[in-house]
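Each of the two complexes below includes subunit A, the first together with subunit B, the second together with subunit C.
Let's look at the complex of A and B:
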C-alpha cells in the first residue's frame, strides 16, 4: 500500500516537471532564481569585498574591471553589496510568504471547515483587505520598530487575508469531495481529515499563490526599505540601496539602476516560475 | 497572433510614454509663460506650510519660509550681519537696569484693514504666552506690561534678560489684530490678520501655497512682485529640475548633488549661506560608561570629521568649526575672537583613542547602539562612523527610526547610547545654545548635569555688559569642549538655485528668504 502511494507521488511530480519544463520562460525563471539562491548562500565566497568595507579614496567610482558595478559614496563595492543584499531580499521573500502561508492557510482552513467561524474570520479578513497592503505594512513596522524580522512580519501579515481567501475557497471545494466524506464515514477525526486529506488536496492553488506573492513580498520589502521602514544601514538591502543612490541619479545612475535591475530580475523570475507552476498544476489545463 | 497582440501592446505603451513626456513639457511651458508675465514668482519648496497658525503651529524651517511672508515680528535679525533691526518696531530702548523695554511702533495696517496698535501687540504677546511656544515670552511680565499710548508698548521684565530682543525676532512672536483674532475665534485657517508683505490667497494641501501682495504694506515699493506661488516638491532632484526647465524661478533647499549642475548652467545662479546650526554627535551621559570623560574623548578621537564631511555632504556646508558655528555672536569658533579655540580639539587619532579606552578600562572596546534618525545624511554619517569605531573595538548597532519615534527615544525615554542631533542658537542669541548644557533642559538630550555650568549659563544671560558677556559665553563653550560633552560634526548650509531673472534675493533669519525685496 505504502509503496504504491510513493510511486504515485513520484509519477505525479514527474508529470508536473514534464509539463513545467515545456514552458521555456518558466525554466529560465527557475534558473535565475536558483542562481540568486546560490549567490545568496555563498555570498562571502562570491563577493569580492565585504559589504561594509569603506574606503573614501575609491568613493563614487564608475563601473570598471575592479568594481564591475562601481562604488557608492562611502567607497563600498556595489557588486559586493548587491550580492550580500540578495540574502535579505530572498530571505524576506521566502519568510514573509512563509508567515502569510501559515497564518493565512490556518485561518482559511478553519474558516472553511468550521462554518460557524467562517463569518467571523472572513469578515475580519475583509476588514484587513480594506486597508491598502502597503499602508498596513507601514503601520506594523512603525508600531514594532524597523528591523529585518519586523519587516518580514509586516509584509507577511499584510498579505495574510489573500492567502486566507485562496485557501478557504480551495478547502471549501475539497471538503465536499467523496474521499473526505469517506474518511468521515470511517470515523476519522477532524484533525486527521484536515491534515491528511484536505491540506494535501488543496495545495496547488496555495503553491501558485505563494510563488506569486513572493515576488510581491520582494517588491513590498524593497519599497518599505526605500521609504526607510526597512532594515537599518549598513545592511545592503536592495530597496535601501536604491533609496540611498537616488540622490546621485544624475551623477551616478548605476547606483540606482543596478539594484533596480536586480529587484526586477528576481521579481520577474518569481513571477514566471509562479505562472509556470500554475499552468502545470491547474487540472483544467491537463492534456 | 499572440506576438501581434504583444507588439500592439508594446507600441501602445511607448505611445503613452511619449504622450506623458509631452504632457510634462507642456506643464513646464505653462510655468515659463507665467514668469514672462512677470507678476508671479514661482518657488519650488520642499515641504508644505502644514498650517496657517503662526503662534501654535509648526515651526520647522520649511514652514517658516512661507509663514514669515504673511506674519511679521516686531524686530528682525539680519543675515549674515546678525544685527537687530526694527520691523514693526520703529525703535526700542531699555531703561537703566534693563527691566523695562519701550518699543515705538511703525504705522502698520493688518491684513484685515485694522491699524496695529500697542494694545494689539500686547494681546499678541499674551496669546503667545498661552501657546506651545511660550518660552519665547520667558522673563516678560506681560500682566504688568502696558500700552503707554497707541504706538508705544512697554514690556516689563521680571529681571534683566538680554536675549529678550532675539526672542522678539523669533518667528512665532508675530503681531496681529486683536479684533480680527476675536472675530475669527482664534481659528487661523479662517482669518488673515497678520501684517506681513504678503497675504494668504490659496492653499491646496500638498500641492501649492499661493500668496498675494499686501497693498497696504508700510514700506513703499514693497513687495515688488504681486503673486507668489510655492510649489511643493518633496523629491530633491525634481525640485531642481523644476528650475532648470523653467517651471519655477527659485528652488529652495537645493541638494548638494545638484550644485555643480546649477553652477554650470548659465541661466541659473546659486545662492549659498551657512546656517547657524551644527550637527553634533553625543553620548547618553546618564550611563556610567559615558560619564567617564576619557571614554567620550576616546570616541571623539576616532571620529574623522573632515573625511566624513567630504564623503557624506556632497559639498554642502562645512566641517564644524567649533562648538557652535562661527556666525553666532560670541562664538569662539570666530577666527578673530580673543577666546578663539582651534577645532577639532580631539583631532582624528586612532592610537590616542585606543590608549584612552585602555586607560578607562575598555581595551577591547564595547558594544553600543547608535541612533541616527530618519535623515539619509545622518545615516550616512552613522555608517561612516560605525566603520571608524569598529577600528578601536567599538561595535555600533545603527538604529534608524522615523522622526517621531526617534525623538521619543532620545528626548523622552532616554533609551539610547550615542546619537546625532542638531545644536543651534535658534533665536539668534548664544544663550539659546548655552542652555543645551543646562541641567534638565529639553535640548539637553545627552543628560549632562553640572551645577557649575548651570550657574555660568544663568550669569551670562543676566550680564548687560557686552564684553563681559562675551567672556562668560566663551568660558561656557570652552568647558563644553574640554569635557567633550558633544562632538560637533558639520555646519549646515542654505542653498538656493535662482533663475537669473530673479533680482534682489535676500536671505533672512531662520533660513526664510525675504521675498519682499525680490523683483524681476
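Let's look at the complex of A and C:
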C-alpha cells in the first residue's frame, strides 16, 4: 500500500519534461539553445582569436582552415567575433524579455485583479500597441542614447503591452477559480492570493510568450544594431556585424551571410522551444 | 446553558447590475448555538450560498452588496469589522467548505502546503510545526500523513473533499459553513464524507451551517432546519418539527417530491411552476404563484411569521388563524 504511494509520486516538472521530450523538434531546439549558451559563457576559451584582434595583412580572407568563417575588412576573425557576439545577442534576448516579463506581468496582474484600474492600464497599453514596435524602440534608444543597456530596455519596453495582455487574460480566468475564493475564505490577503495562488497558476502562457518573444527580441536588437541604434563598434553584436558587412556584400558575402545564419539559428531554436513548451504546458492537451 | 454563537437578523443581499437588481437574500434570520448545526435547505437559486458568503463577507462586490440586516458572531457585529479584522475571522474562527473539491484546491501547491497555509496565517508558529500540524490534520480526515507532499491531481474526488475539510478545520474554527459539501461526490463517498464531518464536528465542538438541497443529508447531520425560498426563511424548526410536523406548502411539496421507494409510481412528483426570477419577485408571499392553497390575501403584504411552537416557525397566511 505504502509502496504504491511512493511509486506514483512524480512532480509537475517531471510531468512537463516527459511531455516535452516527445516533441523531437523542440528537443533539438533546446540542444541548439544550450549549445549557444555554452558558447557564449565560454567564449574566451572557444574563440580562436580575440574579437578585436586586427591584422591588416589578413584582411578580407575567404573562409579557410585558419579562419573557418573568413576575416572582415580589418582582418578580424569572423568566427571569434561571432562567438563573442553570441554573448550580446543572447543577453539582449534574455534581459530584454526579462524586462518585458516584469513590467508587462506586473501591469497585467494589477489590471486583471483590480477591475477599477483595468481600463486605465489596458487602454494605455493599447495606445502603445498602436505605435509600431520598432519605431517605439528606436524612439526610446535615441532618447536615452545608444548603448547595450538602453538597447535592451528599448526592446523590452516596446514589447511590454503584449505581455500585459497575455498575463491579464490568463489572470482574469484564474481569478474566477474556486480555489481563489477558498483562499480568501481562509483569510489570505490580496497580496498573498496574488503571489501564492494566482501567479503560479497563470504562468504557463507567459512562459510560452516569453520564449517566443526572445526570438523577436534577438531580431529587434539585431535590427536596431543594423540601423546603428545598438551596440557601438568594436563590440561584435550580430546585427552590427551584418550591418558592417553590408558594404562588402559583393566581394565577401560571407560577412553578411554568416551572422545572418547565426541569427536565424537562434531564432529558430527559440521558436521551436517556445512551441514545444506551449504544447506541453497546455492543460487541455493533458492525457 | 448553550452559548449563542451566530445571530443573523434580516440579512438582505442584492446583486446590482446596470440592467437589473437581483434580490438574492431578502431578510433571512436564524440563530445558532455552540456545537449546534443548522441545515439551510432550498432549491437552486434560493439564496443559500449568497447567505453563506454574506456571513464571511465574501459576496463579490461589485455587483453584490449587503444592503441591510445584522450578523452577530460571538457578540461582534461582523458587518462593522474592517477588512483586516475580517481576515482574522475567516479561516480562523469561521471557515467554509466549498461545493466542488475538484476546483477548490490550488493545483500547483501540495496539499500539505495548503493546509499549512491556513495554519500559518492564523498562528504564530514555524513552518516545520505547521507542516506537522498539516500531517496531523490529514490523519484526522483519514489520509496517510506522508501523502502531504502530493498534489491535488493525485487524489480522488472524495479524498480532495477530505483535504478541503482538513483545511477548514485546521484552526479549530467555532463555526463551519459547508456549502453543498457532498453534491459533487458519488453516493458511497457522500456517506463517508458526511460521517467524517459529523465525527469531527463533535470532536471539535464546532457549530455548523450546512447548505444543501438534499433532505436526507440534513436528517443525518443537522439539529435544526431552515427552509429557504426566494431569499426568505419560510419555515424553520428542529429536525423533528420539520420532518414530522411540516406546515408550509412549499416544505410539504419539497418532501413530497422525494421519490418513494415503497410506492412504485410512474412519474416523480414535482412542485408546479418555477423558482421566481429573483430580479422580479412576486408581491406578497413569494410562493403564492405556485401554491395550491393560495388565496387573494396571499398576493399582497408581508406574510406573518407564526410560531407554531417554541422552536417551530412558519411564514404563511394559512396558520395565522390557528394561533
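Note that in this section the second predicted complex is superposed on the first by the 277 of 287 C-alpha atoms of A that agree within 3 Å, B and C clash if a C-alpha of one lies under 4 Å from a C-alpha of the other, contacts with A are read in each partner's own complex, and residues count from 1 in each chain.
Note that in this section contacts are C-beta pairs under 8 Å (C-beta built on N, C-alpha and C of every residue); 3 or more make two chains touch, one makes a residue touch a chain.
Keep in mind the model is a prediction, meaning the values are calculated, not measured.
Partners subunit B and subunit C, brought together by superposition on subunit A, fit side by side with no clash.
With both structures placed on the common chain, the touch criterion links A:189 to subunit C but leaves subunit B unconnected. Using the contact criterion defined above for the overlaid structures, shared-chain residue A:145 touches subunit B, although it does not reach subunit C.
When the two complexes are overlaid on their common chain A, residue A:179 makes contact with subunit C while staying clear of subunit B. Legend: residue contacts after superposition of the two complexes on their common chain; A:200 is shown touching subunit C, with no touch to subunit B. Using the contact criterion defined above for the overlaid structures, shared-chain residue A:52 touches subunit B, although it does not reach subunit C.
Of the two partner chains placed around the shared chain by superposition, subunit B is the only one that A:247 touches, whereas subunit C remains out of contact. Between subunit B and subunit C, an angle of 140 degrees opens at the CA centre of subunit A in the superposed model, to the nearest 10. With chain A used as the common frame, subunit B approaches subunit C to a shortest CA-CA distance of 34 Å. Once the two complexes are overlaid on chain A, none of the subunit A residues touched by subunit B in the first is touched by subunit C in the second.
Those residues of subunit B whose C-beta lies close enough to touch subunit A in the complex are 236-237, 255, 257-258, 261, 307, 310-312, 314, 372, 374, 376, 379-380, 382-384, 386-387, 397-402, 405. Considering their complex, residues 52, 54, 56, 59, 73-75, 142, 145-146, 228-229, 232-234, 243-244, 246-251 of subunit A touch subunit B. Subunit A contributes residues 2, 5, 8-9, 12, 177-179, 181-189, 192, 196-197, 200-201 to its touches with subunit C in the complex. Residues 56, 58, 87-92, 95-96, 98-100, 103-109, 117-118, 121-122, 144, 146-147, 149-151, 154, 164, 167 of subunit C touch subunit A in their complex.
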